[in-house]
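The structures come next, written out as structure tokens.
Next come two complexes, and both contain subunit A; in the first it sits with subunit B, in the second with subunit C.
Moving on, here comes the complex of A and B:
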């Protein structure tokens, strides 16, 4: 008979092994499609007959060159950047200010106002796309970057307000009071005290807004044409021109998802901290 | 000059009156303590003085200025908060220097004052650390340093010791008292802890349900409480209260507690004569109930027999829970007193320190 301590050690080892096994299975399930796309993007068309997970005979960048120049991904990439950067910057500034107002102050009609802003989260985008298309036409900005930026700022602002309000509500009001007594104005409190304290929440918001705006498809498809199109729409267009050239499409897919991946990896630690902040007492 | 006046100040939140008719004149260099239970309006009063809460009615005067509409930064006050409210992203140096920087004080003067203040509080070696790297006591000192570095006319402290452990709290009490002596500035301090109030304040304002109950020196509050609330709030353990009937017959005035009848000392009878025949509340502090073997000098003793319910040995004293019928009351006895749980014991009630209150209004008779 094994002694009690030995049995406990074995049980712990078994549980740890089982945990690793389950995690590994999930990891493979999550990574397989991505690995398949990356490997395919380096292959030639004739190699596709083999398993999608076999290594390419030769690692060549030809498919990326085709996508970048032939399929005009360089143009779409530039357009994506032109849309994403202003959307994220403007939405962050506006969300921080409105989150500060809703999170730190009580004022007449605050709940109603917040509800109206939250409608942006509740109403499906498809429901407003036609009136939005007409509105952009009336404003004379359809088929310009403004038509791609302004609606996405509005959409991001709803979530951003909700996110930053929750963040500011978690900051002890005594810190704000201390800053006011020390001589800070309202703006001083926001930029000198609350803004630096909200870094994890802000980074999370930047990552989320970047991801959503970068991947936005429907709005761009409706509002933009020609060189204004962004990468996800460009990727969809590949299906027409390069329908039979799967490796080029795979290279395009990698180009679309790579920036999101880079942003996530860069800010991963702060992103996770922002996502779980408030979950435990600090 | 930093005289502070609450001139018939009210604070209302909707229909709730958080502070009602607060009328206090605080002298320059005074250490005034607001004390009372949770929700009594003491913090709200301090916040109104700081400018963090608007005043519904009345005036607040600092120095010679009515400050009702003056923003906090222009009131020449500094405040220490319960949670210290240090800025977590700044070093100790930056925390202390923050207020001076906002006032555009020259860099060299900031540096001198931060170093001088931090050295005087024994935190000079912590200037490069961040608040999370400090102990509770150190954080508290940084919060105090942040307040005093600006050399304000009035210091406001909102329960600054309640996050410290018992030992540190005792040290911090002495530290703040010394600070007051050294700076010679007006201190206004809020606490729910009557021991803090008694040990630190030159005067104490006792609040309950938004109303000022009494404002006086610690000794006077203890010896001459204005009403039953103050009598029960000041002193630890609290004063014992008994429902009683005041009687007079054959030239003797007595108070009938049900389980015993006690004679009122002759020098008090005139004061209570109008209430003879009325129901009153009889109050006696635990420290005025003694064991017969250890009667202190100068007491007017009357023997009362009681059952011993619980004994708490504190080392320097015994807190004895006594019981007569279903009435439980406390006595603070000499640690050598021979009392045993479940057995009857004799006790001496010191009638020299008896308090009688109107049963209806609670006012001291």
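Moving on, here comes the complex of A and C:
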């Protein structure tokens, strides 16, 4: 008979093994479709009869070239960058400021105001799209990048305000007190002292906003036509001979995924923590 | 309910003001009263933490954009939901007629039903998978966990359009899934037991399409649930399990009385995230079954809003649908938020 300690050690080892087994199976299920699409993006059409996980006979970039120039993914890519970069930059600045306003000050009606801003976290674009469309016409910015940027800045501002407010509330107020006593204005306190201190929260926010904006579909589908379309919409609306060309579609899909995945791999900690705690709070 | 949200928010927000010390004016009623008794204190307040006008200066730039591009449009949509309007002619006020029509609209009822049907796959199944697996797993920290955490989360960061394209390819009539079924001989097995009639074009089949779309939802969401619950289970004190074992609890009882209560918050978060995803789903269905086909078997509310507004030129009616959808989402979010705040008050 085994002694009690030995039994416990065995049980621990068995449980660790079981844990790894379960996690590996589900990890494979999560990643295999992605692997399949990457491999397919390098194949020729006749190779599609092979297993999706077989290696391509020859690693060629032809499908990527077709997607990039033939299916005009270069245009969509450019458009994506032109939309995502301004959205993230403007939203970060505005929500840092408002997060500071909500986090550092206490004023009458602040909770009501915050609640109104938080409505943006819950309301889908479907519920605002028609008046938005009209508004863009009235402002004369329909069919420009601004029509794609401003609504997304506004929705990102909802989440950003929320996120940065929590961040500023956690910063010890002694720091602010000391700076103000030394004659620093609140504007200076925000940008010169608290902004550098908020790096972790800012990184998470940048990463989350980047992903959401990069993947945004509905707004772009309605507001953008032709060259203004961003990558996901360009991919979804692919017509003509490329629409039935699985390898070219696969190459296009990889192009849509790659920027987000690269950023995700670099910042996965902040990413997961951000998504989870953002959800917990909202 | 709102009062509760407010009071909770203000409770938490009053914390930092305590740290400010006497010089700084803050608004909690007690200190306000104190300051009115001691007038010189007010004069020495160097830091304008209670100056609402200055706070507004920081909030205003973003707020203007938010009001113009989100708040006004929300109000506009609500207004249009009471109108008969093609989108380009003069709108006509018809009161609640759109909402009355919604209640008898078979397409709309089907869409809402589908949203809730998909929520089984988006919400219930991933949470059950997550709970079941996590209960089997070791509670101690293991090496290399971050790889699994990062990998399981990948479907969450992928563009739903790409997810749709990948799965449309996998589910294709001559796609990898059907070929795998026939190569392994499972196709024959399934046919002989009556599970399948023939080689199935999964997403084009009236019977199987809703399940196929639902399955993709499960694939997207289960990683989120596992990651959440894995984080949660490690925060449960090992002593609770020891105590349960001392009292003779079997593994099932341990799960029921220790694990599940310990994961309550995490389950709630997983629920609200995945449920809202199921209610809002648009791009995935748009790509996967080309806007809700075959027939209207996989149609969802957001697709119907899009179709009514832009294809059928019934913008007023589409607005009414959008209002109903948004209301459901806001009510559920607020409800869960309320549950959560009540939960943390009790804790």
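Here is the rule we use: the second predicted complex is superposed on the first by the 263 of 282 C-alpha atoms of A that agree within 3 Å, B and C clash if a C-alpha of one lies under 4 Å from a C-alpha of the other, contacts with A are read in each partner's own complex, and residues count from 1 in each chain.
Throughout what follows, a contact is a pair of C-beta atoms (placed from the backbone, for glycine too) under 8 Å apart; a residue touches a chain by one contact, two chains touch by 3 or more.
Note that the coordinates shown come from a computational prediction; the quantities given were computed from them, not determined experimentally.
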Item to complete: Give one of first, second, both or neither to describe whether A:59 is in contact with subunit B, with subunit C, with both, or with none.
Response: neither
Worksheet item: Does the superposition put A:4 against subunit B (first), subunit C (second), both, or neither?
Response: neither
Discussion item. Looking at A:174, would you say it contacts subunit B, subunit C, both, or neither? Reply first, second, both or neither.
Written reply: both
Practice prompt. Identify the partner contact of A:196: answer first if only subunit B is touched, second if only subunit C is, both if each is, neither if none is.
Written response: first
Worksheet entry | If touched residues of subunit A are counted for subunit B and for subunit C, the larger one | C
Worksheet item: Which partner does A:182 contact after superposing on A: first (subunit B), second (subunit C), both, neither?
Response: first
Worksheet item: Regarding the shared-chain residue A:235, is it in contact with subunit B (first), subunit C (second), both, or neither?
Response: second
Item to complete: For subunit A, give the residues common to its interface with subunit B and its interface with subunit C.
Response: 172, 174, 177, 180-181
Worksheet item: For subunit B, which residues count as touching subunit A in their complex?
Response: 47, 50-52, 72-73, 77-79, 81-83, 85-89, 98-99, 102-103, 146, 150
Worksheet, complete the sentence: Per the touch rule, the subunit A residues reaching subunit B in their complex are 172, 174-175, 177-184, 188, 193, 196-197
Worksheet item: What residues on subunit A touch subunit C, complex-wise?
Response: 12, 15-16, 18-20, 22-24, 26-27, 29-31, 33-34, 36-37, 40, 51-52, 94-95, 97-98, 100-102, 104-117, 119-124, 126-132, 134-135, 150-151, 153-155, 157-158, 160-161, 169, 172-174, 176-177, 180-181, 186, 190, 211, 214-215, 217-218, 221-222, 231-233, 235-236, 246, 249-250, 253, 256-257, 260-261, 264-265, 268-269, 271-272, 275-276, 279-280, 282
Worksheet item: What residues of subunit C sit close enough to touch subunit A in their complex?
Response: 2, 5-6, 9-10, 12-17, 19-21, 23-24, 26-27, 46-52, 54-59, 61-63, 65-66, 68-77, 80, 87, 133, 136-138, 140, 142, 146-162, 164-167, 169-170, 176, 179, 219, 222-223, 226-228, 231, 265, 269, 272-273, 276, 280, 282-283, 286-287, 302, 305-306, 309-310, 315, 318-319, 322-323, 325-326, 329-330, 333, 337, 340
